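Order of writing sets the chain letters: A, B, C and D. Residues in each chain are counted from 1.
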C-alpha cells in the first residue's frame, strides 16, 4: 500500500494559527497538530510588574476568553493576599464568566464549527445557514452585553481587581437585559436538540477528562480538580501532578498527567465539564438534554458542540438567576492587603481548566508566573484522537480524511493564541 | 414691583417641586469626587459639601455646617445641556441622482430648568445666546433647547479657590440673564424674580416677607465673598496685553507643560468649538452605491491637531500656537467677535487642567517676563 | 429665509474640465423657492457636499449676473475628489452663500489691480466678469490690471477667457515653470517682477488678491511700498471650514472668522495677524 | 459593479481585534454583503490554504491584525502588501507592536530560556514591530482591542472613499463629553488619558480607574509633561516607565522621544 499524506498548512475557522500534518504509511500512522502561532513571552515580561498588570495583561493572551485569564489571575492573587471575597462579588464574577461562555461558545458553535455540518466554507457562504449564523450572533451579542456591563467591553474588559471590581454595574442596567436573556434562554434550550441532531462521525472519547467540581454549583471559579478516572485533588496539587513535555515533532508543549512515572494526556473543556458535572445542571436543562436524546456521559469527541450548546443554555439560566437575585454588594472590592507569596488557581475557561500560578514579592509585584491554558493541555489529546481516527479509517481517501481531521480539530475549539508556549518545529 | 421673598431652607424642596412640574431640573450632584451637573431631584443636592480646588486638583470635603451651597462650580455647566457634546444636524440620503437632507427630529423632552447657575455662567450664557442666536440665522439645535429653558441663578457667597469672576466683572453677584435669583441667608433663601417666567414660579410658592434686613444680609454676604477672593486677573489690560504679546517667548514655556489634552476647552463654559462630520454606518451603505446616514456635530477643541488642518497643511501645527490661540480666543478674540469676554472667570480651566496651567498666572507671566 | 445649516440639492447642469485637476461645475438649485431667494455677490462661497463624504468650501466662480452658478473645483481631498467624480445631471448638496465678498462699490473711481495665484482666479473671475459687463464705467481712464500666476501652462485656469478679459484688462500671465514641449511663449517666473513693471497710482489704486498666502504676503509688501494704502488692499483668505456660520471655530484667523468676516478682508483689518506665524 | 475584495490577516496577536469584527454582529453580515470576503482564515475556509502565501489573489483592502515577530511573518507581510491596493492595520499589535513588544527592551534569549525546555527551537525575532515598520500602511486603527464601531466607520469610509472619522485627539476629550469626573484631577490617579487617543469610550475613568493607554498615544502627545506630573504625585521614574510600557509601548516610546 502506498502512503498517504494529509496536510493543512493553515487551519481555518479556528482561533489562531495552526496546521495539520499526518501520514499513513504501511507500517505506521503519524499525526501532528502543528501550532505556529508566534510566542509572546507573557510570563517573562510580567516579571517585575504589578499584580494588576497580571490581570490586565494576561487577558491579552486571548481575545476570546479574556475573562478566564482575569479570573484565574485575580483568584490566585487574592489567595496570596488572603482576601475574603464576598458572596455577591462571587456571584457577579459568575455572571461575568457566563457572559464569556455564551460569547465564546456561540462563536464556536455557530460561526466556526457549525458550518462543518452543513458543508459550508463559512457561516455566511450559504443562505440556508444564515439563520444559524444570525442566532449565533444574537447569543453572542447578549454574552458580549453582559461582559460589557460588568467589564466595560467584551474584549479585554477593564473592571477586575483584587478583592472585586473597580466599580459595580448598576442594577437597572442588569435588569434591562432580562427580557432578551429570557428569550435567548428559550432559544438556547431548543438549540440543544438542534445540536443533538447534527450528523456526527464516530470519534470515540475513551480517555481521561478533567474538570473542576464544586458541590452545589456548576464549576466556574472554584472547586477541586476531578476526572473520570478518580482524580480528585486540589488546584495546587493538580499542577504539581502534571508535566510539560516539549514534544520533538510537535510545536506546542504537551501537558500530561503523571501516574506511576508515566505521562498520560487528558481532555479539558465543555465535554469534560458536562460529563463530570451533569448533576449540577438545573433540572430544566437536564430534561432538555434527555429529551434531545443525548446520553451522558457523552462519549464522542465530535459531540463537543452539544456540550457547548448545553453550556450556552446553562450560562443564560445562570445569568438570569444571578440578575434576579442581584442586590449589589456593599463594596465594589474587598480591601486587599498586599503580601508576598505563591499561589495556584484554576478556573473553567470556555475551553477548559486554565491554570495560573504566581509568586509575588512584598510590593505585590510578579516575581514568577506560570500560565497553562486549556488548549495547550488538550494538544496531546488532539493528536491522539487524530491518530486513532486515522488508524480506524486508513482506507478512506486522503482528501476525505483531511476534511474529517480538520473537523475533529475544530471540534476541540482550540484556542491557539492561548497556547503561549509555542516552539518551532 | 418685582417679586421678592424668602423661602425657609427646609422648604427648598418646594421650589424644586414647582420647577419640576414644567421642567427637567438640571442641577448639582456630587459624583466621583466632584460636583457634576445632571438631571437631579431634591435629594441629589450635595448640601453642605465643600470643595478644595487648586490648579490641576479638586477634592470634596464632607459637609457639616448649615450652609446648603458651600461648593464652587464643578467641571460642568449649562453647556453640556444647551450645546450637547454630540447632536444630530440632519439626516441624509443619496441614491443615484436623488439626494435628501432631512431635518433632525425635534427634541421631545420637557424643557430644562438650570438650577443654581452661578453669576459667571450667566455671563457665559449671554455669550452663548449671542453666538448661537445672534447671527443672521439662529442655530436650530441650540434654539430648540434654549427656548423654554429656565434659569435659576445662585449668588456666590464663597469664592472657589480658582475663581476670579470678581476681577472679570462677572460675579459674584447675579445681575441679569436669569428668571429667578437666589441668595442663601442664615436659615432661608432670598428669592428674587428676574423675568415674568420667574415671577410665575415664585407666585406658586408661599414665601416669607423679604424686608430691609434680608436685603442687607444679602449685601453683607456678597461683600464678604468679594473680600475672600484669592485669584484675580489683569482684566483692565485686556485684550491689549494679548495682542501685544503674540510673539512672546513665554508661549514656548507653556508648550513644554501643556498636555494639549483639551480639558480646558471642554470644561470652559464659553468654549463652543465643534466639528461636524457625516456618519454613514455600514448599514447605511447599499451595494448599488446608495448611502444614508447622519451629520453629527461634536464638541471639538482648538487643541486637536486636526482642527486647523487643510488639504495642504496645518495652520496651527505647533503646540505653542494652539495654546496661544486658545488663550487669545478667551482673553481677546471673543471680545472682538461678540462684544463680550470669552473668559468669565469661573476658574474651571485651572482646576481641570491635569497640568495645572493657570490662565491668570500665564497672563501675569506675559505681562512681566 | 431658507435654512443655512441644512444643505439643499443642486443639480450639476454641466461639468467642464479646466486643467488636469480642476473642473468647473454649473449647478442648478433644485428647489424653486430657494432658487428665487438665492442671491450672492462676487467673492462669496458655498459649502458643497456629497452626503456621506462631507463638505467643502467652494467659491462661486461666476458672476451674479451670469446665467449658471459656477464652481471651479480642484481635487484636493475627499470631498473635492468625490465631487469631481460626479457627472452631469447628478446632484450635490449646497449651503450658502456665505461670507463677505469683494467690495465692488469701492472700485468705483479707482484703478483696480487684480492679482491671482493658482486657484485664486476662481473667486476673482466674478469680479472680472462684473467689470466686463459694466464696461469701462468704473470711473477711471486707467485700464484695470490683471496679474495671474499658475504653476505651469497646463494649470492656467479659464485659459480661453483671458482674451476676453483682455478687452478690458491689462492682462499679465506668468507660469512658474514650463516644459519645453508645452511651447509656452508667455512669461515664466514669479509674479512680483511683473508688478514692478506696472505703473501704480498709489492712493488711487485698489488691489484684490487671492492665492497662496506666501504670494499674497509678498505682493502686499510690494503694493505697500508702491504707496497703496493698507485700506485699499483686499485679500481672500483660506482656512479650514466646517460650519461656515461662525459657530464651529475652525476658520478663525486671529479674532476673525474667515467664513463670515471674510473670506475677503481689508488688509488693514488683518495686517497685525498676517505677521504672526501660525495664528 | 464587482464588490471590492477584502482580506483579513493575522500575525502575532490575541485575535481580539478579529473578534471585534465578529462583534459587529448584524453589521458583520453586512460586510459579507458589501464586500467579497476573499480571505479570512478565522472565519472561512481558504481554497488552497494560505491565500496570501499563494500571492495569487488581489485584495482591494487588506486588514491586518498582529505584529511582526518572526522572520516568516515579515515575508508574508510583503506578499500581502504587494497584492493589496490598500492596507490598514487594526489594533495595538499591528499598529504599535502590541504587548509583546515589551520584549524589545529586554533580552529575548533569556525569555526563551525561562519559558521553554528547549529554547533553541523557539523561533522569534528579538523585536515585535508594528506593520508600519515593514510596509506602507494606508490607515492605522488603534486600540487593544479596537472599538468595533470605529472599525465599522473605517470600512464604511473605505467603501465611500473618504478618510475615516476616527479622532486622533485625547481620551480626555471623550471623557469630558461624557461628564465623567476626572480621576486625575479629582483623584490624583495616574491617568494616561491626556496622552492617550480617544476611542475606547472612556472605559476606565468611568469605572473610576486610571486609563492605562490601550488606544496608544494621541496625535502630538506631550508624554514628558505628563510624567513630570506623575512624579509630582510621588511615582518614581521606573513606575512611570512601567505605565508607558504596556500595550502600545513601541509607539509611546517613539512619541516620548519626539517630545
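Some observations on this one:
In this section, a residue touches a chain if its C-beta (ideal position, glycine included) is under 8 Å from a C-beta of that chain, and two chains touch if they have at least 3 such contacts.
These figures come from a predicted structure and were not determined experimentally.
The chain with its C-alpha centre at the largest distance from the centre of chain C is A.
Among the chain pairings, A-D comes first (most C-beta pairs in contact). Distance between chain centres (mean CA atoms), chain C to chain D: 43 Å. In this assembly, the C-alpha centroid of chain B lies 39 Å from the C-alpha centroid of chain C.
Inter-chain spacing, taken between the CA centroids of chain A and chain D, is 25 Å. The distance from the centre of chain B to the centre of chain D, with each centre set as the mean of the Cα atoms, comes to 36 Å.
Taken residue by residue, chain D touches two or more other chains at 26, 160, 208, whereas all remaining positions touch fewer.
Multi-chain contact residues of chain A, defined as those touching 2 or more other chains: none present. Listed for chain B are residues 277-278, 280, 284-285, 291, 300, each touching two or more other chains. Every pair of chains in contact is given here: A-D, B-C, B-D, C-D.
Remark: chain D residues 1, 3, 24, 26-27, 30-31, 33-34, 152-153, 155-156, 159-160, 165, 167-170, 172-173, 176-188, 191, 193-195, 208, 218-222, 225-226, 229 touch chain B in the complex. Residues 8-17, 37-45, 49-50, 53, 56-57, 60-64, 66, 107, 111-112, 121-125, 130, 133-134, 137-138, 140-141, 144, 152-156, 158-159, 165-167, 244, 246, 253, 417, 420-425 of chain A are the ones that touch chain D when the two sit in their complex. Within the complex formed with chain C, the chain D residues making contact are 160-163. The part of chain B that touches chain C in the complex is made up of residues 89-90, 92-94, 96-101, 103, 131-132, 135-137, 139-140, 243, 246-247, 272-278, 280, 284-285, 291-293, 297, 300, 302, 307-312, 315-318, 320-321, 325, 328-329, 332-334, 336-337. Contact residues on chain B toward chain D in their complex (touch as defined above): 31-34, 36-38, 56-60, 74-76, 80, 85-86, 256-263, 266-267, 277-285, 287, 289, 291, 298-301, 303-306, 319, 351-356.
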